[in-house]
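Shared chain: chain A. Partners: chain B in the first complex, chain C in the second.
== the complex of A and B ==
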């Protein structure tokens, strides 16, 4: 069995290694990525999209469809997780001990079972084990700076590296770090329940809105008016903010909805 | 010089990847995977892709690690043989 596993690993790895070895050198000027559409993006990207960071230009403008679907994929992943019934995938040993609690059934509260089940477990993050004051202090101290960094990345994404997706990850990291320190229930209440579905769907909704606006302006779905840089920047800004906020809320929700 | 950096990083990547697969202690595996993510961040940055590097650092080394930690907290820390 182990022999087959090695064989399979080799069968996957060998073509990969051969393929990578066949790639053109990193900075070869005649490599396909530099002569195909990439050359045009580099030549005329700034002029056509009004964005100095061409990565963002490609993400939001030239390859807007891909990003649209990407945002929908992330949203769908969260929807799938939230659609799972609560406790559906709890391990059997824990379900037994938890359900046995308070029923007065002495057989269910087996003293050996919880010890065995807990032997390899981490400390529960939801306040059962107190967090070190040093960690708590540092997280609280850093949180505003992380937020500032995320906002800076969000609004400078068209000029410098970064943008909506990166900001989303940092926003989520703030929520997650605070959740580990303050308890997830408290962090979960920071955003009102009624606003949450709208924030989670912010990415797809904003893309749909911008795509419609582009269609009204240019006659093409998700089209950008090429020489109207103000309109282009407004559209890109809406998308960046929606991706940043929506993505952050989705990632944080994934974390908060995990039971321990 | 650049080649030395690349080769070192790639060797580290392969070493951590193998270590993740071989680790029986899942907590150690998650920490190793986080190291893998951070090394990957350096590689992206060095290859001139700061946008990807940022995402890799935040998602690959940060968020994923926390999600794995919670999963271990809910299940067990030891891999069954």
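== the complex of A and C ==
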């Protein structure tokens, strides 16, 4: 069946080509995407949301429900990854070592490690490949500047390109780069164990808090007081910071918990 | 740019989608299947962002120095959501692949099928 995969791909792609043939040209200003609700956002978005970056305005204000569920999705993904058993021992009968693929499994090394002892297990995979001192130095040198850039994107996200998710990606990149040169275990300990669950849940928690505040202020779940720009900015800022920090911690933890 | 009345950008995106689907179906390695899925996702994001662009458009950030016409902000926000969901799917799939490797010592579907 696999030999016919190209036929399947073709069978799906051809109707899609026919479909896109019926679309308006992608840069036409009179396409529905520009004349429908998008036009109204461009016309009144700044006045209604107080945010000059309309992508942020759509994300946090007009389509806030979407983003609420989105942070719940990534939080759930982390929960699912962390819920998987770690270092499970393979049944001996199924172990395949003849082709070399089955070797080097750190899980088999310490089968009696407790389920929660992630930090100790992470240390096993560290230090297998020595890191070039040049790479290590440059990464450690650049890390604070990357952090500065992420913070700038976080707090200027409503007037410049950027915002919470972009800052989260940069925050996570810092952790991942440092984890590669310093060892995952050391980086994993940078955030204290007690604070971690709260930071990982920061996005959904902040959204719930802002949604409740909006309900008290306007009578609508996740409602923004339309003419009180200070309150709007405060609510958006809380969400941006929570998404940036929470998202960064989640992405970094996802990377740090991947081990073979 | 048009080719036989077709928008070339859209055709390229559909081609990318087809390549991703092919990888997803034809490859036996689970990691390569996941890469194929990500290629498909990328093509969808490219489609949405391309559809939201306008001739000579500025990014939809209404500060000094930008002016009409603006690109539509909705596809950008939707793609941002989509990227996060794609990352979540990739993370869970990778974690499962790691588990499969730890249990069976292989991530080739062909070999997994032959296991007792």
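Here are some notes:
As a working rule, the second predicted complex is superposed on the first by the 217 of 260 C-alpha atoms of A that agree within 3 Å, B and C clash if a C-alpha of one lies under 4 Å from a C-alpha of the other, contacts with A are read in each partner's own complex, and residues count from 1 in each chain.
Everything that follows uses one rule, which is that contacts are C-beta pairs under 8 Å (C-beta built on N, C-alpha and C of every residue); 3 or more make two chains touch, one makes a residue touch a chain.
Every value quoted in this text rests on a predicted model; they were computed, and no experiment measured them.
Look at A:55: by the touch rule set out above, it reaches both chain B and chain C. In the superposed model, A:21 makes contact with chain C only, not with chain B.
Contacts of A:142 after superposition on the shared chain: neither chain B nor chain C is touched.
By the document's definition of touching, of the two partners only chain C reaches A:159; chain B does not.
After overlaying the two complexes on the shared chain, residue contacts for A:72 are found with neither chain B nor chain C.
Judged by the touch definition given at the top, the superposed model places A:13 against chain C, while chain B stays out of reach. Here chain B and chain C are compared by how many residues of chain A each touches, and C touches more. When the shared chain is aligned, chain B comes close enough to touch A:173, but chain C does not.
Judged by the document's definition of touching, chain A residues 26, 53, 55, 90-91, 94, 161, 165, 251, 254, 258-260 lie at the interface with chain B and also at the interface with chain C. Residues 2-3, 5-6, 8-10, 12-13, 16-17, 20-21, 23, 25-29, 31, 33-34, 37-38, 41-42, 45-46, 52-55, 57-59, 63, 66-67, 70-71, 73-74, 76-78, 80-81, 84-85, 87-88, 90-91, 93-97, 101-102, 105, 107, 159-161, 165, 247, 251, 254, 257-260 of chain A are the ones touching chain C in the complex.
By the touch rule above, chain C contacts chain A in their complex via residues 2, 5-7, 9-11, 13-15, 17-19, 21-22, 25-26, 28, 50-55, 57, 59-63, 68-70, 72-78, 80-81, 83-85, 87-89, 91-92, 94-96, 98-99, 101-106, 111, 115-116. The residues of chain B lying in touch with chain A in their complex are 27, 47, 50-51, 53-55, 58-59, 62-63, 66-67, 69-78.
By the touch criterion given at the top, residues 26, 53, 55-56, 90-91, 94, 117, 120-125, 153, 161-163, 165-166, 169-170, 172-173, 176, 180, 251, 254-255, 258-260 of chain A touch chain B in their complex.
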